[in-house]
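Next come two complexes, and both contain chain A; in the first it sits with chain B, in the second with chain C.
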Partner chain A sequence: MALVRDVVAETLQGASLIPVAARSIVTTLPPSANAEVGSLDVVAGHDLLRYLASGLRVFASAPQPALLEELHRRITAGKGFKPTARVLTVTSDHHVVMAQEAAQGMLRGLFKPTDCIRVATAVSELARNIYLYAQTGEVRLTLAEEPDWSLTFSVLAADHGPGIPNLEEILAGNYRSRTGLGKGLTGARALLDGLDIKTSPAGTTIKGFKKSRPPDPLRDQ
Partner chain B sequence: MRLGHCLFVLVPGNLRDAAARELHDAVSARLAKEHGIRGLVIDVSALSIVDSYAARVLDETAHVARSFGSKTVLVGLHPEVAVTLVELGIDLSALDTALNLERALAKLKLRIVSEDEDGPGP
Partner chain C sequence: MTVADQKERLDKVIDALARATCQDYSHRLPVQDVEDDLLELEVGVNMLLEDLEKVSRQNAESLAEIERKNQEIAERSAMALRELATPIILVWKGVLALPVIGAVDTERSADMMDALLNKVVVEQATHVVIDITGVSVLDTRTADHFIRMAKAVRLLGASCYITGISPAIAQTLAQLSVDTSTAKTVQRLSDALRQVFHELAVVPTRAPER
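Here is the complex of A and B:
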């Protein structure tokens, strides 16, 4: 298999760039360029693309969207970047902080700063609910690329706790818990683009997602 | 840290629930024990995320301070965090906020008096 670095060099040579510009961009590529074509995940891949976009702006004085699109296609072997996933077991308040950091680390630079905080806060609420009400559970964070390069972050919070008996009351906003402000679930719902809650005495599964908003982080240069 | 009539509290980043609770208890204990604290300044600039739990602890701390006759001002709240708190539906109206320490002190209308550290207060 070809390396990302070689494919980038080849693509830039084929483009109408002055050779020294292409060489400068290639010699200063980040370490992720040593991966095989098609193996990069969304976070590493978009980091690389942003690097290439800024490189093209500096050396070729234009963002060159068509060239970037070709680079994207060839780096990913036409399949798009692999989703980035993090799975965290939640058993204490320490894991709540870890979930916040994981969400922030995943989205930093890819989502708008305010959306990063929104998502990390929503993840924090869901993780905290697990440790407060179910003691143990799992939070799965995924960042996936859509065909149009926009990104979708999703969170899956699952536990085998006692379930949420008064879900409707909570979602109606009339509930005030002992431990929080009763804002955890309604807050997470408000901060994300969608939240789906399935709960029973056997456990609770909550799925939420947030899309990166236009302007796309790659073109917003 | 106490300076004159003010108590300054620096909230560390990556705040765990237990640590938030301890901070609240420590501040409450000082407010109860020491006389003449008229202003509480809480610096939250290290907090990149304030969720409903942290917000509730801050709110409770401000209420304790109020019951001991102190006003509370939050300093260094990140704009993204402020936006998120509003969207979470959290009401922090018990807390005053200020851009920096200087403005916080102006809001508290207090001057830092180095003497009278452990005095009986006004």
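Here is the complex of A and C:
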């Protein structure tokens, strides 16, 4: 298997860059470039792309969207980056904060800042519901690249708690919780692009997702 | 020297090296003052063991030192964090500011409420400004907490401002349909202070130049 570093070198040599520029970019690549082609996950992959974009700006001055697209295609072997996933066990208040921070860390630089906050808030609501009503449970965060290179963040919150008996009432928005505002679930639904709730006395599983275009690495920073 | 003698001396060398692989460097080979081929080997091994012993002792010492320092840092940062959790600043006579930084969990929010309300009473505060610039994510429960805090402050007879809501948080709160109408929100801490000073008819001036 070829290494990302070699593929980048090859691609840059094929491009209309001066040899010194191509060599400088290749020699200063971060450690993630030592991975095999097609093995990078979304977060590490986009980090590398941002790095390449800034490298191209520094050493080659002209923005090269087509070249970056080619690099993206070649370092993922045309299959896109692998999904990044994080699983967090929620058993305390502190884990709610950790889930919130994990979501933000995963999306930083990939989603619009406002969307980062939206998603982190929604994750926080779901994690907090686990802690408040089921005591223990699990939150799984996934960031995946679609074939069109847009990104989809999904959250899966699962617990074996008592379930949500008055789901309809809550979702209709006229429920007032004893422990809070009673707006966590409807809030999470409003903040995400979709929220699917399955609940029974044996437990609750909530799946939510939010889509975003990948930011143009040439524009940010 | 017989072959058996030589074999015995070689066995001792092997033995010492075996101990060394188990990180026991304290053993030394007996050295005779007859110069022969094996003497050089024995002296060499002894010197090696000496060096190894010294280095491993230094390692152990610096490890212990690092461990101790780590613990010290952990303790100090935990203490700093506890102190940092609720810094309440007396900005002016009767005016309190509470800058909130980082994530707010249940324990911290209870501490914060306690500390703030006590301070309001002790300082006979008439105005309180809660600044949440440092809070990156505000979910319904945290928002609810700040709204309750503002209500409690008002019950004690002081007026309460919440400042530092970023555009992203404002959008999120609007989407969460959290009712913030009961809290007086102002954009920046400085804006709130200007209003407060205006109400108190205080004109903050620069310190006279010396």
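By our rule, the second predicted complex is superposed on the first by the 212 of 221 C-alpha atoms of A that agree within 3 Å, B and C clash if a C-alpha of one lies under 4 Å from a C-alpha of the other, contacts with A are read in each partner's own complex, and residues count from 1 in each chain.
As a working rule, a residue touches a chain if its C-beta (ideal position, glycine included) is under 8 Å from a C-beta of that chain, and two chains touch if they have at least 3 such contacts.
Note that the coordinates shown come from a computational prediction; the quantities given were computed from them, not determined experimentally.
Asks: Sticking to the clash and touch definitions up top, decide whether chain B and chain C on chain A clash or fit.
Replies: clash
Asks: Which holds for A:Ser24: it touches chain B only (first), chain C only (second), both, or neither?
Replies: neither
Asks: So, A:Ser39: does it touch chain B (first), chain C (second), both, or neither?
Replies: In the superposition, A:Ser39 touches no partner, neither chain B nor chain C.
Asks: Looking at the overlay, does A:Ser124 come into contact with chain B only (first), chain C only (second), both, or neither?
Replies: It touches chain B and chain C both.
Asks: Going by the contact rule set out at the top, does A:Gln135 touch chain B (first), chain C (second), both, or neither?
Replies: After superposing on A, A:Gln135 lies clear of both chain B and chain C.
Asks: Which chain A residues come up in both lists, the one for chain B and the one for chain C?
Replies: 93-94, 96-97, 100-101, 104, 113-114, 116-118, 120-121, 124-125, 128, 173, 180-181, 183-184, 186-187, 190-191
Asks: Within the complex, which stretch of chain A touches chain C?
Replies: 93-94, 96-97, 100-101, 104, 113-114, 116-118, 120-121, 124-125, 128, 173, 180-181, 183-184, 186-187, 190-191
Asks: Can you list the residues on chain B that touch chain A in the complex?
Replies: 14-18, 48-53, 55-56, 78-81, 83-84, 87-90
Asks: Considering only the defined contacts, which chain C positions touch chain A in the complex?
Replies: 103, 105-107, 136-141, 143-144, 166-169, 171-172, 175-178
Asks: Applying the document's contact rule, which stretches of chain A touch chain B when the two form their complex?
Replies: Listed in rising order, the residues of chain A that touch chain B are 93-94, 96-97, 100-101, 104, 113-114, 116-118, 120-121, 124-125, 128, 173, 179-181, 183-184, 186-187, 190-191.
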